[in-house]
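There are two complexes below, and they share chain A, which is joined by chain B in the first and by chain C in the second.
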Partner chain A sequence: MRDAVAQRQPRFARLGPVLKHGTPYAYLSPTLLLIILLLVVPIFLVIKYSFYDNVIINKNPVWVGLENFRIILRDSRFHTAVRNTLIFVSVSVVGHLVLGLSFALLLNNRVFSARTTGIFRVVYVLPWMFTGAVIAILWQMMLNPNGIVNYLLSVTGLSDAKIAWLSSRKYALGAVTFMNIWAGYPFFMVSILAGLQGISEDLYEAAAIDGANAVQQFFRITIPQLKPILISLLTLDFVWTIFQFDLIWITTGGGPLYATETLSTYIYKQAFSRFQYSQASVAAVLVLIACTVIAIFYARQQVARD
Partner chain B sequence: MVRRGLLVAVVSLLVLSLSAAASAVTLEFQQWWEVELPRGVLREIVDGFTKETGVEIRLLSNPYADTNTQIAAGAATGTMADVVGLDGAWVYDYAKQGAISNLSALMTKGGYDDSQLSDQVRVDGSTYMIPVVNFAYPMYVNLDLLKQAGVTELPKTWSEFKAAAEAVTRKTQAYGWIIPLSTSSPNGIQNQFMSFLWASGGYMLKDGKPNLVGNEKLIKATEFVKSLFDAGVVAPGAYSMTEATMVEEFVNGRVAFMTSSLAHINLIRQNAPNLNFAVMPVPAMDGYDGPRGMVVANWGIGIASNSRYQDEAWKFIEYMMRPEVNARLAEAANAFPGNVLAAPDYSAADPLFRDAYEIFKDSYAINEFTGLPVSEHLMRIFNDYLQLYIEGEIDSAEEMLAFIQAEWEPNFR
Partner chain C sequence: MNAKRKWYTKPLLGLGLLLGATFAGFPILWMIANSLKPNSEIFAWPPVWISPNSSLEPYLAVFQDPAKMRFFFNSYLVSTIVVIVTLAISILAAYAFSRFDFPGKMVINALIIAIQAVPPITLLIPYMALVVALRLYNTYTALVLTYLLFTLPYAILMMTGYMNTLPKDLDEAVMIDGGSRFRALWNVLVPTALPGIVAVGMFTFMRAWNEYLFALTLTRTNEMRTVPVGISLLMGQHAYQWNQMLAMSVIGSLPVLLLFLFFQRYFIAGMTAGSVKT
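== the complex of A and B ==
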């Protein structure tokens, strides 16, 4: 028995370095497996699909190389979707930043009592509590030609017209962008508020002694101190807003006449209305490339910060 | 010895329980019907099947539009529910994808007599969907608004309709007519726009292919709809409006006329018990006195190809189409049965439903979008060009229809 144990020991000893180096990977393996299954495989499948004539509905897909890319890049509706997405995303992100920062500064103000601040904190964060579908239906009713927005415009004497906010090519993109800003600013507000509360009071006291006014303190102390948070927020929001779908789909469906067509509604229509899954994959791949560029920028910022 | 006996007993029990688990089949049934039926009716009907066969039915119920999305996603990933509620407009694409089963084969295998079915939706000669119940789309009219506007007779022709809609818009706070043209759900083209064409004996297809260019009746119908917009009698917000919002506007007394499903009688009664409304035939082109087409939509049923329980699923469809079950469903849904042998008792039904039934009997059922390839996409194309025409960015109805035909044709090859 002893001999047997003695014989086994060197074998285990030989495995020592493998076990030593393999243990961390063993711990990582569940996460790696999940990442591979939920992220890597779907991404590669979508990339693969984009090179075939059509998939899913076609039992024997044929490799067509870059043909689908050529079709999509020449499609004027894709161009419209890209243009609308850029407007929607950039205005939304700026709107989120301005509103989030303004409300965070208000809530960080010591003029109001803690109770008042607490009440407003709850009120301001409310839009974030609703799902996209609820927000869409809520605003759809308010922006109805017979809705409360037109009523308020009418009683204040600003406009008597029954403006069809979501049915007019002139207003629809602005209306959905406004809804998205309303729905998303609390995330900025909460994050910036946390950042504001972490800025040392000493900095403001020293600046006051040096004679800096409130505006100078804001631009020389507050903004630089918040910069890492702001960069993270802007980057993440840019990516999230590109994928905004339910709000637009429920309220306008990308219409009227493509006025609110964004990349997400364009991809949906290609896939689930036209059943052109490969062309939908091409558009998705192009969005993926754009988001990857932003993600690299974000990662580099994070590394530089660390 | 005792230990061995115990072991045998445990193993036997395990085998028995496993075989029992294997025989307890549960079919998933994805549909939007439960949402639109009175509470508990569909559950009660499907429980009858479970009682007979022991096969459990799990109802997966969502609103109509969500059901389509869920089924489309299931078809793409091969995870569709065993039995699915279908709209005729979806069938072609799912059949071509191989996502739904060929029911002709199952009918033949089961020796089913299909002569009792009022209709079957076929692709390449094989049945893929059976309409369980059919819904007619009459025109609803708010009688109080008509009275306020001094309109004493229900309009029968387009010119009478336009005059009545103008009177309502001019003399009341409401609008004459309403049409939902949202891009997300473009079936306003099928249910509201085309109802004027079909009521006038017109068609948009010829031998199953698009026949839009030079189609005189369709040109006139298009010009008529534009004239309603130009006259300002159409409720605002049409371009982002869905059918649900349209019904809501009617319920709130903001519009005098709307073409809508008979299924909405319950909803209107529930939400506006005091609304004084009636149903009438969709007005026809001036001078037309031939038979009128009436839009029908149906609650169809099909089987997912990926279902492991094809035979059980077919038995369930047979059960749903059985005359007495079919009649019960038709009564509850305010619809017409899909089985010609079913004899629903409409005596307890809403009087308006009985009026609609009389209108239906004087018309012929039509829906040219049923069974077409990518029919939702076709409606969306029509919707886009119609909006451009109404907005004055396309000069004539002929030009608009030519654009649509050019975009439709590649989908029919």
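== the complex of A and C ==
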């Protein structure tokens, strides 16, 4: 009897409330499915790997507890990688910020026409358009012992030695850091420029009336107004630079003698050249923990701004 | 402020702009100049600024090499599929975020933002295991699938931002006329959101085209490799064919450069989507 009543209603009518609440999830289902397959499962796996003896190679891996963590934390190459990564990341991020901010301020002028500044803006963004492999080849050519950089140094009298920038233990880390700064500052520049254009002109006028000079205006108005953008940029760049892989891998492969070994080249070699997948997973998990802390900070900050 | 500008402001600013342009642009010009030179002149001391022996020969050599052309085919194919799939999934997700309130919305949104801070290499080892287990090693599918995790968050956030700017009356009008939600999305919202979709599509293409780490690790044979991996492999194979490597770099950068030059506004909007809220 109840069935007969239900059948007289249009099909799915009973499902109405369910569908109504289910609809957004239906639209989100491909996204959620991919997040589970490509994020949740892999993170679970990599954590699991770190507690087993050699996974992937070994068909029946055995639980070894914290043994892999002990090996990695005592590995002097891991220490070198952490140290190099900290240098590489901090110098890169500061370099990106300084160049990005300076170029954005240069472009945000009223002195030259919008057309002129527009052309400069295109040129300034260019390094960001190239893939890591191209930037690696480009700078390998520039930094060759017989390359243009050494030539310019000798012409200007700064240095006559034909320095092999990328194969010298002394200079290699600095050289890859420089390359990374060149490749990455446009992201800061464009974001900061958008931020600068959003600052109300009234603020500057009020400051000018109060007698603030350009430097005071910069530190009292520009920087505080840009603060939310700068925090986002620094957070994202910090994480992205930790895992800059292409440039270092193609130019130096972490060498010479681990002079440019960073966490990304260390994990990659440990996994795909030495086939120590479990040990590589430990390093990956350690960095994932660090990045998760940063990611939570970033997401909270972004959500708060919405 | 303009009235009180000092006499030296303009020349000083101009000098700054030119110095910056040299820093950004000279390496690129030097790459193009060297890609046209015979190999022997690339590391000449003193440098040959513009060689009388310049020719398009290195470019022809690249175009006539089927192995190198295969890298381009692979890159175009993978990037195009990634763009299509990313657009389809992100339009659906953005519709949910922009038109509904539902339990868990904040959490899912935060998760999508946070994915941007997940380092690819931490996922590479499990991806390798999954790809081998699913028999996808050395296939296009493996690349398309793994690229999605890094194209989707950005695409969803940007697409949601764009859809939020479109009035709800648009799709509600369709539904009042008896159309389904999906028809409202497909027939009205998608055409209206086209500029946003183009922006997301280009940005996704660029990400996919430039990706290196997964392409290097999840493929094995040259038939499956993409342009960035192909370029980096040339370094080992033809250590002395600098002009061809540079020519290939220039050709490999053209798709993204052209997209950028034609759709600059969208690119800028895309670059700032993650960090700047307007």
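Throughout what follows, the second predicted complex is superposed on the first by the 277 of 306 C-alpha atoms of A that agree within 3 Å, B and C clash if a C-alpha of one lies under 4 Å from a C-alpha of the other, contacts with A are read in each partner's own complex, and residues count from 1 in each chain.
The criterion applied here is as follows: a residue touches a chain if its C-beta (ideal position, glycine included) is under 8 Å from a C-beta of that chain, and two chains touch if they have at least 3 such contacts.
None of these values were measured; they are calculated from a predicted model.
Asks: Under the superposition described at the top, does placing chain B and chain C together on chain A give a clash or a fit?
Replies: clash
Asks: Classify the contacts of A:Arg300 with the two partner chains as first (chain B alone), second (chain C alone), both, or neither.
Replies: Touch partner of A:Arg300: chain C, not chain B.
Asks: After superposition on the shared chain, which partner residues are touched by A:Asn144: those of chain B (first), chain C (second), both, or neither?
Replies: It touches chain B and chain C both.
Asks: Could you figure out whether chain B or chain C reaches more residues of chain A?
Replies: Of chain B and chain C, the partner in contact with more residues of chain A is C.
Asks: Under the stated touch criterion, which partner chain does A:Ile250 make contact with: chain B (first), chain C (second), both, or neither?
Replies: The answer is both, since A:Ile250 touches chain B and chain C.
Asks: Determine, under the contact definition given at the top, whether A:Leu158 touches first (chain B), second (chain C), both, or neither.
Replies: Neither: A:Leu158 stays clear of chain B and chain C.
Asks: Have a look at where A:Leu166 lands relative to chain B and chain C in the superposition and call it first, second, both or neither.
Replies: It touches chain B, and chain C stays clear.
Asks: Looking at the overlay, does A:Leu86 come into contact with chain B only (first), chain C only (second), both, or neither?
Replies: The answer is neither, since A:Leu86 touches no partner chain.
Asks: In the overlaid three-chain picture, which partner chain does A:Tyr124 touch, first (chain B) or second (chain C), both, or neither?
Replies: In the superposition, A:Tyr124 contacts chain C only.
Asks: Return first, second, both or neither, reflecting whether A:Ile56 touches chain B, chain C, both chains, or no partner chain.
Replies: both
Asks: Is A:Tyr277 contacted by the first partner chain B, the second partner chain C, both or neither?
Replies: both
Asks: With chain A superposed, which of the segments 241-249, 277-285, 331-339 or 403-411 in chain B collides sterically with chain C?
Replies: The overlap with chain C comes from chain B residues 241-249.
Asks: For chain A, give the residues common to its interface with chain B and its interface with chain C.
Replies: In chain A, residues 56, 140, 144, 146, 249-250, 271-272, 277 are touched by chain B and also by chain C.
Asks: Quick one: which bits of chain B touch chain A in the complex? Just the residue numbers, please.
Replies: Interface residues on chain B, with respect to chain A: 69, 72-73, 75-76, 93, 96-98, 181-185, 235-241, 245, 249, 252, 254, 374, 376-377, 380, 383-384, 387-388, 391.
Asks: Which residues, counting only chain A, touch chain C once they are in their complex?
Replies: 21, 23-25, 27-28, 30-32, 34-35, 38-39, 41-43, 45-46, 49, 55-56, 102-103, 106-107, 109-112, 117, 120, 122-134, 136-142, 144, 146-148, 151, 182, 186-187, 190-191, 194-195, 198, 204, 208, 229, 232-233, 235-236, 239, 242-243, 245-246, 249-250, 264, 267-268, 271-272, 277, 280-281, 284-285, 287-288, 291-292, 294-296, 298-300, 302-303, 305-306
Asks: Any idea which chain A residues touch chain B in the complex?
Replies: Listed in rising order, the residues of chain A that touch chain B are 56-57, 59, 140, 144-146, 162, 164, 166-168, 172, 249-258, 269, 271-275, 277.
Asks: Using the touch rule from the top, collect the residues of chain C that touch chain A in their complex.
Replies: Spelled out, the residues of chain C in touch with chain A are 1-2, 5, 9-10, 13-14, 16-17, 20-21, 23-25, 27-28, 30-31, 34, 42-47, 88-90, 92-93, 95-96, 99-100, 102, 105-106, 108-130, 132, 145-146, 148-149, 152, 156, 181, 206, 209-210, 212-213, 217, 227-229, 231-232, 235, 242, 245-246, 249, 252-253, 256-257, 260-261, 264, 267-268, 271-272, 274-278.
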